[in-house]
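So, here come the structures, one by one.
What follows is chain A paired twice: with chain B in the first complex and chain C in the second.
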Partner chain A sequence: MNIKESVIKSDHAMKITGEAVYVADHPTDGMLFGRLLRSSKARARVLDVRLPALPDGYLYADKNDVPGANKVKIVLDDTPVFADGTVEFIGDPIGLLMGPDEDTVNRLLERIEVEYEGLPPVLSIEDSDTVFFDYTYAKGNTDKAFAEADHIFEEEFRTGLQEHAYLETNGLIARPDGGRITVHGSLQCPYYVQGAVANAMGFEPDRVQIKYDTTGGAFGGKEDYPSILAAQAAVAAYKAGKPVRVIFGRREDMEFTSKRHPSKCGYKAAVKDGRVTAMDIDVKYNAGAYTTLSKVVLQRGIICACGVYNIQNLAVRGRAYKTNTVPNGAFRGFGGPQPFFAVEMMMSHIARNLGVEPLAFKERHVAAQGDVTSTGGRFHFPVPILLMIEQVAKACNFREKREAYKNQTGTRRKGIGMSLCYHGAGFTGAGERDLIKAVAKLRKYPDNKVEVLTANTDMGQGLNTTFAKIVANELKIPMHDIIIANPDTDRVPDSGPTVASRSIMVVGELLRRAAVRLREQWADGGEQLVEERFKEPGYVIPFDLEKFQGDAYPTYSWAVNAVELEADTLTGTVKVLGAYGSFDVGTPIDRNIVTGQMEGGTMQGIGFASMERMAVDGSGKIRGNSLSDYIIPTSLDIPNLQCMLYEEEYPEGPYGAKGAGELPAVGAAGAYIEAIEQALGDVRVNHIPFTAEDAIEILHKEPSL
Partner chain B sequence: MIREVVFNLNGETAVWNGGPAARLLDALRDGFRNTGVKCGCREGECGACAVILDGMLVNSCMVAMGRAGGSEVMTIEGYKKTERFAALDKSFASVSAVQCGFCTPGMVLAAECLLRENPRPDEGEIRAGISGNLCRCTGYNAIVKAISSAAKDGEGLW
Partner chain C sequence: MVSYLPVSLNEALEYRGAGGAIPYGGGTDLMIKGDKDAAYIFLHKVPEMRGIIEDDKYIRIGACCTFTEVAGNPLCPAILREAALQIAAPAIRNLGTIGGNIGNGSPKADSAPVFFAAGAKLRLMSLRAERIIPIKEFYLGRNKLSLEPDELIVEVLMPKHVSSRYYYRKVGAREALAISRVSFAGLMDIKEGRVMHCAVSFGAVSDVIIRRDDIDAMLTGKTVSEAKAVKQAYLNAYNTAITPIRGRVSEKYRKAVCMNLLGDFLAAMGI
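Presenting the complex of A and B:
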């Protein structure tokens, strides 16, 4: 078997026939339907909750019913299971109403009266006086570089909320079972959920079983959120003594579950002899009401804030601010897309200030193998960005078009832009070594079938197929002799969460090694169990999280994006003529799967830059809470999407594979906006999403048009 | 007051007693356990609940059961037994057009309705034909390719 060659995905048949069981597909006999009572105020004291008379079989659970800690264990534990005295955002869960008939539950929920004492909400980074996290790090001597600079440029960039819009909303079922609780449903990280439920229930972890149901997309939106919902559902089910199902409607899911952090990034750059010698970067994220994953999202964001460039002198500060808005969390790219948009635009704008083509200017600054990273680590492996630029430039005639689109007249004008990015593969810093300590197992049965035992979940990214391929390839047995049952914490070891583009690179490699050992000791007809544990590669410079020094990632995945578009200067509307990308994720463990990931991620990246605008009103309420008001790309929006692979093998990953899933969502925004700037006549754009309304605003300011 | 809605579901007579105001989506999923019909938004935006009603692709969340009386409804549960499905199944598999799978049943039925109208669509026509069905995973390329190759390989089926 050539590991790169595509196979029929192992979940294909059950999904295309409609037979796959998602959480909403379980029979509901004997089950209660749960709905959360949510705060209608962005910030308030809860003085009283008055329930209507509840019919038999209908129950309400709140903070008083939490047997363990009324805290959801995520990174920190400031998120309450149910509000305790105060509410911190519109939608903050106060309690859970449940009963046997869904419509009755909905009607009763509307009759619950909550008395609030309103407090003035804080809705923006500017107004916030609570900093959840504040990090700084430095490299070289920025003071000296700024003192010696020929030019100093300063700009600020903003990005907006982005909603995951997975097609299947968040949903879980909690079932009390003797002295235990079982929770199953749509989720990425079974052991995260187990930890959170155990903490809320006051149980030892072995009394909590978490099982995964087929999950209809996640993109980070089911990384931390299911921990919160599972704690609530478990408390409710425990009180009722019956299974409780909580599945969100689309509007509830869009309005009240995590999103990509809005950001404001300030860049100040020193230029000497045509080169950027220093950057002073100030990254600010709107964390929302609770810390959830902001700590780690921010860490990744500030580490990549100077982009793919070798900048000798850096001063970087990053802060995550509390506001009375929905807590923001993980979203494909995990803090990377915001600074990558900012740094790509900053570099492009500096080039234009100096009268140089942006791409040529960027090329002069791209880091190379052996260079020191932003945090004093090393790019240990080749950095193929320059070669990938050529691959993309050739595919779209980039340089010719960039030249041809200068000085256009007429109503419709074209533009083309290119952006460069990386994604640090796996957890930031020493997380993999110190916190996760992944364990993966293979169990061989007497019939010579082999079961993969890991906690990683397939949410569409193809993990069950790629894991099976790796094991089958090493054992030289057919794919159909590999069993991958849905993860269940009663049966699988903790191989870590399904996040950070780590699953193939880290867990896939553990499985490969386990398969090698199993092959060596293979006993026909016997039952055997092989276990592998994570070991950090020897070359890694240990990361010090206090000082932000060392190798933040064992390796990097690289991407080059180009977008060509046409803007209508009368209406401000934009048509994407082509989106091109080259992606280095090492060896693709299945070309179709990797290409599908790159295509889907690129589309999300362009959506982030263009149409995906989530409006929030002055009370803190999200208005873009439906798929009519928050627009994601359809099949007509980016018709010419060409994603290519560049294979720079990573020696520590299985067959040379490294992180893949997040990379395509990281960089496209910069290319889109650079193309917009050209099409609209060399304008400057400092925020995304950039909509038709924004285009009109710019065009009206431009007297020459 | 109509109490009973009789319609044809995947070739068989089906009787619905849950009232004419119920959504076809809920009747199909909860009443007839056709859980291949997915609920993505309940407001006609995403296409995950698409089914074929008298030959037309509809979002079943937007159809009241009263409207379904006397009609023929086909869901993925029925369609998967057809030769045309087999062609789409094969082409979707060959390019790995299924990721999370939540949009897939609706997408396959959208493909059927498109190919029934236009057995040899070009790429633009395929993109238009599935534009009412959202997919957040694939970027649509693989789905478009799959429909195109099913049309070619399934020559004569549509």
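Presenting the complex of A and C:
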């Protein structure tokens, strides 16, 4: 078997036939339906909660019912399970109402009266005076570089909220069982959820069982959020002594669960002899009301803030601000798409200021193997960006079109743009070594079938297929002899969360090594168990989080995106004529699966740049909480989508594979906006999403009087 | 609740006359409302509402014809077929009906601007009576329709001689499955250098579709060069007449797009 060759996905049949069991498919006999009582104020003291008379079998749970800590264990523990005296954003959960009939629960919920003492909400980075996290790091001597510069350029870039828009909304079921509690449902990271539930229940982790149900998409939206919901559902179920199911409707999910952090990035660049010699970068993220994952999102964001370029002198500061809006969390790219948009536009604008073509200018600055990274680590492996640029340029005739689309008139104007990016593969810094310490197992049964035991979840990205391929390949047995059941913390070791584009690179390699060992000791008809543990590769320069020094990632995945489009000057609408990409994820463990990931991520990246707009009004309420208001691209919006793979094998990953899932969502925005700028006549764009309204405003097309 | 499945127009009108049940074409709007307590009259088996036929004055389009049927029927004028093909996505077009699109009462209905520009009429029936009214008289205001509680929209009557030169644009937030932010339909007949007929309409801009015969009359009967001379006055008149409401996009954007499209329509017609 060639590991790259595509196979039918192992979840194909069960999803096509409808046999796959999602959380909402579990029978509801004897179960209570739960609904969260949510704050209607963005910032307030809760003075009183007055319940209507509850019929028999209907119960309300709040902070007083939390047997353990009223804190959700994520990175820090500032997120309460249920509001304790104050509410910090519209939707902040105050309590949970549950009962046997869903409609009755909904009606009763409407009748709960909450008395607030309102406080003025803080809704923007500018207005915030609470900085959750503040990091700085430096490289070289920026003061000297700025003093000696021929030119200094300064700009600011903004990005907006982005919603994950997974098909299946967040939802969990909690079941009390004697002295234990089980929570199952739609989630990415069973052991994160176990930790959060144990903390809220005051239980040892072995009294908490977390089971994964087939999950319909996540994109990071089920990384941190299920920890919060699971704690709430578990507390409620424990109080009721019955199973409690909490499954969000689309509007509830869109309005009150995590999103991508809005950002404001200030860039100041020194140019000497036609080269950028220094950058002073100030990254600001809107974290929302609680810290959740902002600490690590911000770390990744500032590490990649100088893009794929070798900038000799760097001063980087990053801050995450508290606002009274929904807490922002993990989202494919995890802090990367915001600064990559900013740095790509900054480099493009500097080039234009200097009168040179942006692509040629960028090419001169691209880092190479052996170069020092932003944090004083090394690019240990080849950096194939320049070769990938040629691959993309050839596919779309980039340079010819870039030239041809200058100085257009008429109502349809074309533009083409290109952006370069990387995604650090796996956890930032020493997380994998110090915190996760992944363990994976293979269990061989007497019938010679082999079960994969990991905590990693297949939420649509094809992990059950690619894991099975790796193990079958090493054992030289058919894929249908590999068993992968839905992860259950009672049965699987903690191989770490399904995040950070780490699953194939880290856990896949553990499985490969386990399979090699099992093959060597294979005993027909016997039962055998093989276990593998993570070891950090020897070449890694240890990362110091205090100083932001060392290898932030063991390796990098690389991408080049190009977007060609046509803007309609009458309506401001934009037609994407082509989106092209070259993606180096190392060896693809299944070309179809990887290409599908690259296509979906590219569309998500273009949506982020263009139509995906989520506004927050003056009261702190999210507007556009439905899929008819929050617009995401469909296949008709990007019909010509060409994703190519460039394979730079990574020696520490299985068969050369490295991180894949997030990469395509990181860079597309820069290419899209560079194309927009050209189409609209060499304008400057410093924010995304850039909508049709923005285009009309730029074109100053007053009514043609 | 009891719902009904009539198989003739008379039967449908009886159920409608009895009150309480909601007429249901393709259900693409009603399904979203998902009212568990509602009763419906399912109209898709009423033959009198399913045909597209031609008589001496009109193309008669049954209210329960789907957008897919309209788009594929050569009797329907090209502008209507083009508008129908830009609605939502194939699955919605296979279910959604012309009558439902109009009866839903939204100024964002994608077929409505075409019917306004073409001067279409509606055939409304109850057990008591039959009315044929211009579509402009059907829309009274925001969610207000000239439809009695016992009446059904039975047919849309499209005048047979709709100008072959037309201009249609739907502006949505994406290429498919998008609610209109602005829609525009324009028809113009120019014979021997003279504007014989001009009609434009703007959808999704105001509480009802904007259609102004009085302004369009400024161009009617004029030679092309005379029309060019009054073009600015014509545009000024619409600039005053169009007062967009705020919604998913700003008033300013809607206004700018309306005026851009109107100007482009005239340019495309040689004026």
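Convention: the second predicted complex is superposed on the first by the 700 of 705 C-alpha atoms of A that agree within 3 Å, B and C clash if a C-alpha of one lies under 4 Å from a C-alpha of the other, contacts with A are read in each partner's own complex, and residues count from 1 in each chain.
Note that in this section contacts are C-beta pairs under 8 Å (C-beta built on N, C-alpha and C of every residue); 3 or more make two chains touch, one makes a residue touch a chain.
Values in this document were obtained by computation on a predicted structure and should not be read as measured data.
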item: Which of chain B and chain C A:Thr634 touches, first, second, both or neither; value: both
item: Partner contacting more residues of chain A (chain B vs chain C); value: B
item: Chain B versus chain C as contact partner of A:Gly18, first or second or both or neither; value: first
item: First, second, both or neither for A:Asn2, with chain B first and chain C second; value: neither
item: Chain B versus chain C as contact partner of A:Thr409, first or second or both or neither; value: neither
item: Chain B and chain C contact sites that coincide on chain A, given as residue numbers; value: 628, 634, 636
item: Contacting residues of chain B [partner chain A, same complex]; value: 29-30, 33-43, 45-46, 48, 75-77, 80, 88-89, 92-105, 108, 123-124, 126-128, 130-144
item: Chain A residues touching chain B - in the complex, by the definition given at the top; value: 6, 8-9, 11-22, 24-25, 27-28, 164-169, 214-219, 249-250, 459-462, 590, 592-593, 595-596, 599-604, 626-628, 632, 634-636, 638-639, 641, 643
item: For the chain C and chain A complex, residues of the former touching the latter; value: 89, 169, 171, 173-179, 181-182, 232, 235-236, 239, 248-250, 253, 255-264
item: Chain C partner contacts - residues on chain A that touch it in the complex; value: 411, 569-573, 575, 611, 624, 628-629, 631, 633-634, 636-637, 692-693, 696, 701-705
